[in-house]
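The two complexes that follow have chain A in common; it is paired with chain B in the first and with chain C in the second.
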Partner chain A sequence: MKSRHIKAQITSFCFILPALTVLALLLLYPVVTSVFYSFTSKHLIKADYEFVFFKNYIAVLTDPDFWTSFLTNIKWTITSLFFQIVVGFLAALAVDRIRKGKSFFRTILIIPWAFPSIVIALSWKWILNGVSGFLPNILVKMGIVDTVPQFLSSANLAFPVLVMINVWFGAPLIMVNVLSALQTVPRDQYEAAQVDGASPLQSFLHITLPHIRIVMGLLIVLRTIWIFNSFDMIYLITGGGPAGLTQTVPIYAYNVGWGLKMLGRSSAVTVLLLIFLLMVCMLYFRILNKWEKEA
Partner chain B sequence: MKKMKRIVSAVLACACAFSLFTGCGGKETTADQGNQGSQTGQTGGSTETTDELKGDIVFWHSFTQGPRMEKIQAAADEFMELHPGVNITIETFSWADFYTKWTTGLASGNVPDISSTVATQLVEMIDADAVIPVDDLIDEVGRDKFYENALREMTAEDGNCYGVPLYLNTEAMWYRKDLLEKYNLEVPQTWEQMYEAAKIITEGENGTVYGAAMPMGTNDMLATRWLHLYVRSAGETLITEDGKANLTSPTAIDGINYWVKIFKECSPADAINYNTLDEATLYYQGKLAFDFNTGFHISGVETNRPDLMEYIDCAPIPRVNEDDPVVGVETNTTPLVIWKNSEHPEICKEFIKFMYEEDRYVDFLLSVPVGMMSGIKGVTESEIYQSNETVQNFQHADEVLNQMLEGSTSIGMEYGPRAEAGLLTSQRVIEEMFQDIVMNDTPVEEAAKAAEDKLNDLFSTLG
Partner chain C sequence: MGKKKLLRRGWFGTTISYIYLTLLAIIAAFPLVWILLSSVKSKAELAGDPTVFFPKHITFENFRIVFEQLNFGRNVGNSVLVALSTTLVAIAISALGAYGIVRFFPKFGRKLTRVLITTYMFPPILLAVPYSIIMGKFGLMNNRIGLVIVYMSFSVPYAIWLLVGFFQTVPIGIEEAARIDGANKLQVFYQVVLPIVAPGIVAVAIYTFINAWNEFLYSLILINSSEKATVAVALKSLEGQEVLDWGVMMAASAVVVIPSVIFFMLIQKKIAGGLAAGAVK
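Right after this comes the complex of A and B.
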């Protein structure tokens, strides 16, 4: 009996071996390589390098540009995440109330998420272009503003506009997931609450929220990581400018690694980023575990 | 029976795992493709073999504009037909992707046999010991046929030449004849005249057309180029002979002040984020009166606004004073290089020589007429070249561009090929400096000093 069990386990292991191999190669290898290189003077195109121990970390942590980028990154993540959740959540509640054509609206609203980021970046750059852009010019024609607004080059507008684009892009994912979670809430609980005289707000706070908060929690974890690490959209739209106002840590790391070709120092930036995100995730998961136990 | 099922399952699982590894083995696949390619070559027509060349080579290039891709492919097909044992695989990348591709590929050995490149990147390739000398090839084509400056930029400290100049691009001042006529303006000879003309046009056109644009995007190097044009026109350089950055000399400070003035009074504010494409698109759309670019502007306008073709022309780069001599400022050479990893440098050399056969070479140049300037002297005097419609329509532009060729070099290469030039154009220090001045009102001298120090710090990392 025992030997049959062991054989079955070996067979199972053989089946998952290919997937494990791929995971090891795709996940572990880059992480281990980054950690290793972060302690070396590795150059992007030169073969020779030496161990420099913590020199790269010291150089990064004493660079004011790193801290400016880090603060911009925190601001970018918090504002993007907050508005994505608010918009996504409200859209999900609205679509959940629709009786007819729910799947049609769900499909329409998910469209921004389906676009590749290069398409989004170039489209928004074109829409917001300060000379020929559709939106700035229509605002002038409608008499809302006197001169063409410079959405991507103004010190006051560039960052909020990038956040707005990110919300437009990310909110649909929140909406679809929250909508799915909303549909799992037992309807009889709402009926019972109604019989007991609960207000819609009370039903929302005591029935809806407890049911969907774990899904929301996981979404927040995932979105935090994705938004914090997002590179392409910012790089393609503003390149981190104007005057470094939209430069986040991934763009800083890119400039160090591909611009200066200091792969060792760039690896140190990514390792620091990894440590920070792990700490944030640990905090999130602690809260999630608590919620799961309460549930 | 159950035991049998388990054995079969285990074998299948192992086969799956094994297939993962075999999937990564590309060498055999390449060989197969090579054989197929050779067979295609044989069945494609001529089977005449002139020698024993045999093998597969990979050619990376960044010729994405105009029908250049097709011309290169046609040349490769013809070469393969002539040498049935040879298979040439062509892969095309944008210039930006090409840089990422070769720098990352170098570590894994995934580099091509031949590629196109630019002078500043060639210095890095030589520094990384990634390419081989091609002096024998240059001698075979004829060393004296190539422009001296172009060859000088391909020559390393060891005296060897590592690139064969395929074509050249010279910067000139492009303008709109109709706009100058509308406002009774002459073609500017000096920077101050250009500013005055640009200001009149900007004010007159009230936001529909801008006089000039000062592009400062940190994902490109245009602000560096614009400042370089000013500084070089005054006879100075952004990198001194002893390899130091020069942003604080009186001429450089004047240049920075000049472009800040252009930005504030004549340029769209969005230009603070402009890259090459944004800047060029503005001119192509007819929304810019003056711009600095190469002959590629002709094909760009032709594609976007063919109705403007008769109104565009170019003039020499403005000078500081009208009596200063007209000098060529910036010419970028696009060479072909042979990578050290290549197993068949002999095929690469034969193919490059094949590319330089006159009719084929002229045909390639004419894929972007006037845009791609010949790397070889005298070729453009041929009847085929001169009878091209675009060449005939833009004879003045062609003359100006050829005039600008004399004495001009890539940015930072005035004293020969140097790695500092790569840092000057790739680190966006000058773009950040301009952004700092116009966004934060940082005094020009202070911003210039900080940028100069930053560049010198970067230069010191070269060792």
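Right after this comes the complex of A and C.
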């Protein structure tokens, strides 16, 4: 009887074994390797390397370029997240409110979500192109500006334009998730509030927000990480330029690893990045846990 | 009178909602529309007046160049192969895993979901360094199988996350009945559970396919010949050419983005919201 029980346990375990193997080999092991290489002089092409202790970390932490990238990264994350949430949240409220065309707007508004990063980059570069781009030329034609603006190569415009493209891409995800969270709010509470004479704003603050704040909190955690880590979009649209103005930490890490060919030092950068994200997430999860207990 | 109608909604707010949504819809759809319009314009028209919206003459010359001169069909083939293999393997692993978590290890499962969220935190650029070293060691550099293996790293956690939600909807009573009839665990899984969650699995599979089809960074780092390049990297290399031909680039972009958009529209209702919902449960 006992051996049969053990056998049953083993078959149950076989179901999750492949998934655990993937997690261990493709996520845990590489992270450990990264930490290891961050203490070595590993080169992209040369085979031999040696142990250098904290040399990579010291080199990174004393590089003003790293700190500039870090600040740019924080600016990039906060502004992108803020506008994604504002635009996406309002879109969700609007779709929730209207009666006709709900699924039409939903379907059209999620288009950016499906875009591969390279197509995001190429299409926006073409739309914003400083010679034959649609937007710069239409702005001139409408008399809003005198000369064709150089959206992606001008020092003042490149960063905000990049953030706008990121909002274009990320707002749909916020909208869809908020929309499905809104469905979980019981309608009769709104009706009761209306009978009691509550204003729409009061209903929103006292019924809607408390109901969806946990989903919102989690969304913010996930989006923060994603935006902080985003590599493709920046790399493909500006490559960190002009003059390093849009260089974030992942781009910096790529340039160190594949530009300077110093994989060891690049590992040190990415390990620092991970440590920072872990700290941010711990803070977030502490707040979320508190909310869950209150709910 | 329907219950919903009890809620009074002012016309003003509704009008504002429509105006806002129409504006957003135009912005959201514009790049796709512009890609399609530019792809069928001639070189002269593209260089002429950039603010003219519709092409005067529709030409498929750009698409001909994409497929005949640039051999883009080969890259499409690579991407289909890689994305399809990734999807099949990832869904097999994740369906077993998600079911195992829901049915056999619910307590451990809750912890595992937290771990999955943590893997979300790993910067892709952090994984890129060890992947390039490890793949080099195993001779899987510039190899499409190597790429499929690496793609498991994001597709499996994502798929498990979404699938757990679908498996939770299967009533345990049905499974117990089958067990009493003498079916073993694997048979119950195949013959009873899978058919019930099939629509969910198809949606997750399509989502996995789109993500693999769209992937850029790992493909950039692990594949270094144009013969084996995926569509994303092949598109990037078009931009590196001396004379930029935007018509050709938009035609190639259309080939890459259209399948993603169509597939995504088909499954969005099923996937949408699953992300947040699955994690809260």
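Definition applied: the second predicted complex is superposed on the first by the 287 of 295 C-alpha atoms of A that agree within 3 Å, B and C clash if a C-alpha of one lies under 4 Å from a C-alpha of the other, contacts with A are read in each partner's own complex, and residues count from 1 in each chain.
By definition in this document, a residue touches a chain if its C-beta (ideal position, glycine included) is under 8 Å from a C-beta of that chain, and two chains touch if they have at least 3 such contacts.
Every value quoted in this text rests on a predicted model; they were computed, and no experiment measured them.
Undergrad: Given the superposition on chain A, are chain B and chain C in a clash or a fit?
TA: Clash - chain B and chain C, as placed by superposing on chain A, overlap.
Undergrad: Does the superposition put A:238 against chain B (first), chain C (second), both, or neither?
TA: A:238 contacts chain B only, not chain C.
Undergrad: Looking at chain A, which partner touches more of its residues: chain C or chain B?
TA: After superposing on chain A, more of chain A is contacted by C.
Undergrad: Figure out whether A:118 sits in contact with chain B (first) or chain C (second), or with both, or with neither.
TA: Touch partner of A:118: chain C, not chain B.
Undergrad: Give one of first, second, both or neither to describe whether A:94 is in contact with chain B, with chain C, with both, or with none.
TA: second
Undergrad: Classify the contacts of A:281 with the two partner chains as first (chain B alone), second (chain C alone), both, or neither.
TA: second
Undergrad: May I ask you to decide whether A:33 touches chain B, chain C, both, or neither, giving the answer as first, second, both or neither?
TA: second
Undergrad: Based on the superposed arrangement, let me know which partner A:132 touches: chain B (first), chain C (second), both, or neither?
TA: Both partners, chain B and chain C.
Undergrad: Who does A:258 touch here: chain B (first), chain C (second), both, or neither?
TA: both
Undergrad: For A:18, decide between first (touching chain B), second (touching chain C), both and neither.
TA: A:18: touches chain B and chain C.
Undergrad: Between the stretches 5-13, 113-121, 239-247 or 257-265, which region of chain C is in steric conflict with chain B after the superposition?
TA: Stretch clashing with the third chain: 239-247.
Undergrad: Same chain A residues contacting chain B and chain C, which ones?
TA: 8, 11, 15, 18, 22, 129, 132, 258
Undergrad: Would you pull the chain A residues touching chain B in the complex into a rising list?
TA: Contacts found on chain A: 7-8, 10-11, 14-15, 17-18, 21-22, 44-47, 129-132, 147-148, 150, 152-155, 235, 238-245, 255, 258-262.
Undergrad: Spell out the residues on chain B that touch chain A in their complex, using ranges where they run on.
TA: The touching residues are 6, 9-10, 13-14, 16-17, 20, 100, 103-104, 106-107, 124, 127-128, 130, 207, 210, 216-220, 268-273, 275, 282, 285, 287, 426-428, 431-432, 435-436, 439-440, 458, 461.
Undergrad: Show which residues of chain C lie in contact with chain A when the two form their complex.
TA: 3-4, 6-9, 13-14, 16-18, 20-21, 24-25, 27-32, 34-35, 38, 46-47, 49-51, 92-94, 96-101, 103-105, 115, 117-134, 149-150, 152-153, 156-157, 160, 184-186, 189, 210, 213-217, 221, 231-233, 235-236, 239, 246, 249-250, 253, 256-257, 260-261, 263-265, 268, 272-273, 275-277, 279-280
Undergrad: What residues of chain A sit close enough to touch chain C in their complex?
TA: Residues of chain A touching chain C: 8, 11-13, 15-16, 18-20, 22-23, 26-27, 29-31, 33-34, 37, 42, 87, 90-91, 93-95, 97-98, 101, 105-120, 122-124, 126-127, 129, 132-134, 137-138, 141, 168, 171-173, 176-177, 179-181, 187, 190-191, 194, 200, 214-215, 218-219, 221-222, 225-226, 228-229, 231-232, 236, 250, 253-254, 257-258, 263, 266-267, 270-271, 273-274, 277-278, 281.
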